Amino acid sequence: MMVDVTLWAGLRPLADNQKVVRVEARTIRELLRELEDRYPGLAEPIKGQVAVAVNGVIYRNDWSQELPEDAEVLLMRRLAGG
Amino acid sequence: MSFDATYQNKSFNSVGTRPLRPDGVDKVTGRARYGADFNMPGQLVARVLRSPHAHARIKNIDTSRAEAVKGVKAIVTAADLPDLTDGDAGLFAILDNCMAREKAMYDGHAVAAVAAIDQKAAKAALNLIDVDYEVLPHVVDVDAATLPDAPVLNEKIFTQGVEPTPTMPSNVANRAEFGHGDVDAGFEQADLIVERSYKTEQTHQGYIEPHACVANCNPDGTAELWVCTQGHFVYRQNCADLLGLEASKLRVTSSEIGGGFGGKTHVWAEPVALALSRKANRPVKLVMSREEVFRASGPTSATSIDVKIGAKKDGTITAAEATLRYTSGPYAGMWAELGAMTSFACYDLESVKTVGLEVVVNRPKVAAYRAPSAPMAAFAVESAIDELAHKIGMDAVDFRIKNAASEGTKSSYGPVYGPIGIGPTLEAAKTHPHMSAPLGENQGRGMACGFWFNFGGQTCTDLNISADGTVTIAVGTVDVGGSRASLSLIAAEELGISYDDIKAVIADTSTLGYNDMTDGSRGTFSTSMATISAARNAIEVMRQRAALMWDIPLEDVYWEEGHAHAAGTKHGNRAPLSVKDIAAEAGNTGGPIAGHSELVADGAGVSFATHICDIEVDPETGSSRVVRYTVIQDAGKAVHPSYVEGQYQGGAAQGIGWALNEEYIYGEDGRLQNPGFLDYRIPVCSDLPMIDTQILEIPNPNHPYGVRGVGETSIVPPLAAIANAVSNAVGVRMAHIPLSPPRILAALNEANG
Amino acid sequence: MRYERPQTIEDATALLANADAKSFLLAGGTDLLVRMQNDDFEADLIVDIKSIAGMGNITETGGGFVIGAGVPCAALSENPALFVAWPGVVEAANLIGSTQIQGRCTMVGNLCNASPAADSVPALVAANARVRVAGPSGQREIAVLDVPTGPGKTSLKKGEIIEAILLPKRDGRAGDAYQRFIPRTEMDIAVVGVGVNLSLDDAGMVQSARVALGAVGPKVILSDKAAEAIIGTKLEESVLDALAAVCSDTSSPIDDKRGTVAFRKQVAGVLARRAAQTAYTRAGEK
Amino acid sequence: MSSIAVSTTINDDDVEFLCQPDETLLDVLRNRLGLMGAKEGCGTGDCGACSTIMDGRVVCSCLVLGAEAQGKTIETIEGLANGAELHPLQRKFIEHAALQCGICTPGFLMAAKALLEANPDPTETEIRFWLAGNLCRCTGYDKIVRAVQDAAAEMRGETA
């Protein structure tokens, strides 16, 4: 399944300045792997700074989360809370 | 076992009731033990030496005179905390903040610490540590720090997020941009535009309990830490990483916590206490003074924010733009970025652009404070929204309703919203009696909205059923304000037993799996999910035990209302088995009964609130008083409504203090002038009215009971709500928080010519 | 460091007279113990005067009231006669700190701490209060106005102790009032404080007046000009305007963490007007 | 510095202790007598977390020297309940959810006790000003004030 992943501004320089990257992935894990393979510079941020928003729901840690058909996927920075 | 977190829309027996909290008696009798209420045999007293300079190179530290003081057992400096952070900038910032390495970066920055047999010896030694400082130029103001001639704090900081990468170091650590659409085109379409700059001053979480810990390192490599923290597992990891300890050999016990609000989410002095203990080979107790708390822990960002919003005459916003500068202390954080993400989150915007600029200054390292960064952004945006509504001639609530985000809206920070509560809170505000109550002389009414993300995260819970059928739940999220009561209600609901048969305890790091902190409004959300999961697992075990007791197949046993039932009629009219019945036979049916859960609680629903307040201003002195205050917020599902109300009221009170009187005041020398509760003015009892609350329940689709986090959002709207009320009362737009009497009086004088 | 609790004023003054420079008197302790928290604080001797006979008493005499140096401010409002006679002094003293502080703090301590922002001092100065000073060479009496000489400094000599505050007898149509400004409703140090004390003639005209300003100079300011502005008037609007203007002009405050020069000057006028009106009303009710 | 011997009464018990001349009553209670219910939030009399009652007046025990306790009668949070029976204020604080983190609670309870002894029927304003020296950062004071009002009503015999 093909998914369009939107990168936050800070990540774009690490991905050939692309805002949206189209990858083949069924789960968050596959998505992150694919991004890392294609853009090795993303490996470092993906390790600890990234959360994935799927259809508006933010997943901080969960690799197993499946990506629904036509999912809207964004990479976001992990947030701090009080 | 995989856990289905989908919302079930069930009716509740326990959830939504208001039982007495299980730790209440301990806390009203003085028996509850907080950070400073614990001692170990042979324990030493620790004191920290702090920089009197806002910015200074540490040329040399000579501890020889201090070491000679009788009763001094250990002195540590940065040399005793070698850099093991391996390029992790966030961890390095925590390390450098715990103990200054090359430079003292702010007034109050730790430079050395002493452990001695008593306060007297520790104090004497502190006065005899000779630090050779080279005082450097400093900058504390957010705007001044971005000027070309500002002293550069860190030669290694080149603004990230701009192309091409700058060649000169700067105090702007990074730039983050969010938004969509074409704002320039949007402003072209606008009939009216409001554009204004705002400022907010730095505040502190102001928890009443200073940081405190007892550290004990043994020669065999094991260690213990008793500490007040929002997350003992995180503290364990921080300390293990910074001191080179094995995480599993460091047992961290969280004390009762006397307030945190984000300020106890990472370590401050705990690694120092452990380092002292390691060096002295004795337990060490370290308790910060109030002055140390203000000078060297916690604060939030000071900000400078420019907002521009355009709308058509019919009230449709065509474009919105903001540039947000946030101080982060001496180390880069993501505070401006959070401000940029949250600023327009309440609205459905065709074109929006926000830019966050993270500014390093010679102030303490910024820590999270309840919905970090959102209140200042909301102050600026909600002030501008109000001003624009006035300009258009529309009611402030109607204008917001017209532009409010709803399910399917693409948020200003990126994702598309699911079901959300901004519209309903606004509709509730519109019809709330407060909105139509008459105002007295010199009074003004203001309202504002607020947003916060809410977190989930890693969670682990144990649920153990005793032989008498009572239940212990061991959780790993620190109870900051009543979560033991909420979680007991959840367990009672899921198991179908009485609240009184459940005891919730906070387990230490050696007896339970890892848990993220109690932050991001995640405590009840995440741990309730894990508790439901653990209860379901325990029910599964009890079904098996019941099948065994009845000698019938497992599939013929179902669970309902706290009992195992035999399905159908083929097993005769067997009386259902209660938890107590099954527990009593546990020894014969396979041993202790327990349910465990390890999960990542994702899908925390975003949270919205709308606040209304009335302010009375004394036109002759600029003094202002909150005369009425109403909080309306979506809780998803209020598990224990009293403590949900408490979160709403507490957040509002903190926001009111921020709006009116709280601020860090620095002298020309860069030293903090008000490190105490006398001149850092948090609201006192006589400053506030009763705070009315209205809980809305728009279920979170990603939680079995529909729960959303409730802890933080309530601090987001007050700054703007109060600024709008004061502006309406005095007829002058107030754009600098806090709205202290001198600022209000100056504005009144200007308006009156 | 020594802690001493002498039983007589002679023993107390002797202790202080013979002590090293770093000796301190302890009455309510609400300022001293705060200073003791500081790492730089050093003391050789602390003399607790509360066990000395009479220190805890409020005595009504033919000449007025004698308030012992150990009387906590909370006790002032519990004395009906004192409250009726000097409501402005009592309300000023009762504004110092919280309930907890009220249970300990004393007016003499407030005076001797010599903070320019002390709440009770402008009210005492307006009331023309005096203090009885005991020392190695016997007793003397001086005006409250002459005790503080600057921030943290007093005119007391080595070995001297203020035993009591002496409030004059009150008769006829007279009233006093104290107004202060703080950012919150409680728990703050005065940003500006104004004490007004006045008496009326039979026609309701101000016969005599004293106006004292706090927190707008290095020490309390007794403004003769302000008094002159209201003497011989019935506090008509124009008179109050003039009073406010004089008080603003007389103020010479500094910018600090608690307020700005402009704010303090302006608010001094506002509070003077309000305090004068209250004092006038109180006087008129007698 | 030599220690001072002090004889005093704490929660109806005769207590003797030694303390340093510069030691506060709060430190004596916590570190020498094991009475840790009084908390140190500031050490400067600004937060009220260390409130105790001395000779009938509520004071900040951080602003009292241990030596000053000589001959005094002192009440602390540990003595507020009558054995297993909670004081009405204690019960009402739990019932009204008037505490979140609970660190300020002992101080509030002692201050409120002194209030209701001085004024059994206080108005909301009187409660708020009496308690202004007790800082709470969690609750916004709303539920605290209600708990005190309710306890006062019960103690006056007006319970519904």
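Read from first to last, the chains carry the letters A, B, C and D; within each, the first residue is number 1.
We take it that a residue touches a chain if its C-beta (ideal position, glycine included) is under 8 Å from a C-beta of that chain, and two chains touch if they have at least 3 such contacts.
Treat the numbers as computed from the prediction; the structure is a model and nothing was measured.
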Contact-richer chain pair (by C-beta pairs counted) among A-B and B-C: A-B
Separation of mean Cα positions, chain C and chain A [Å, integer]: 68
Centre-of-Cα separation between chain B and chain A, whole angstrom: 26
Averaged-CA centre spacing for the pair chain C and chain B, given as whole angstrom: 44
Length of the line joining the C-alpha centres of chain C and chain D, rounded to whole Å: 29
Contacts with 2+ other chains: residues of chain A: none
Multi-chain contact sites of chain B, meaning residues that touch two or more partners: 205, 260-261, 289, 677-678, 683-687
Contacts with two or more other chains, residues of chain C listed in rising order: 37, 185-187
All pairs of touching chains, each written as two labels joined by a dash: A-B, B-C, B-D, C-D
In the complex with chain D, residue positions of chain B that touch it: 18, 20-21, 23-25, 27-34, 36-37, 120, 205-210, 256-261, 287, 289-290, 480-482, 642-643, 645-646, 649-650, 652-654, 676-678, 682-688, 690-691
Touch list for chain D against partner chain B, complex: 1, 30, 35-44, 46-47, 49, 76-78, 80-81, 86, 90, 93-97, 99-106, 109, 124-125, 127-129, 131-146
Complex interface listing, chain B residues touching chain A: 160-161, 163, 174-178, 205, 260-263, 265, 333-334, 337-338, 341, 368-372, 411, 413-418, 453-458, 519-522, 600, 602-604, 702, 711-712
Of chain B, residues touching chain C in the complex: 123, 126-127, 289, 620-623, 625, 660-661, 665, 673-674, 677-679, 681, 683-687, 740-742, 745-746, 749
Interface residues, chain D side, partner chain C - complex: 1, 4, 21-22, 24, 43-46, 48, 51, 54, 57-60, 62-65, 67-68, 70, 111, 114-115, 129-134
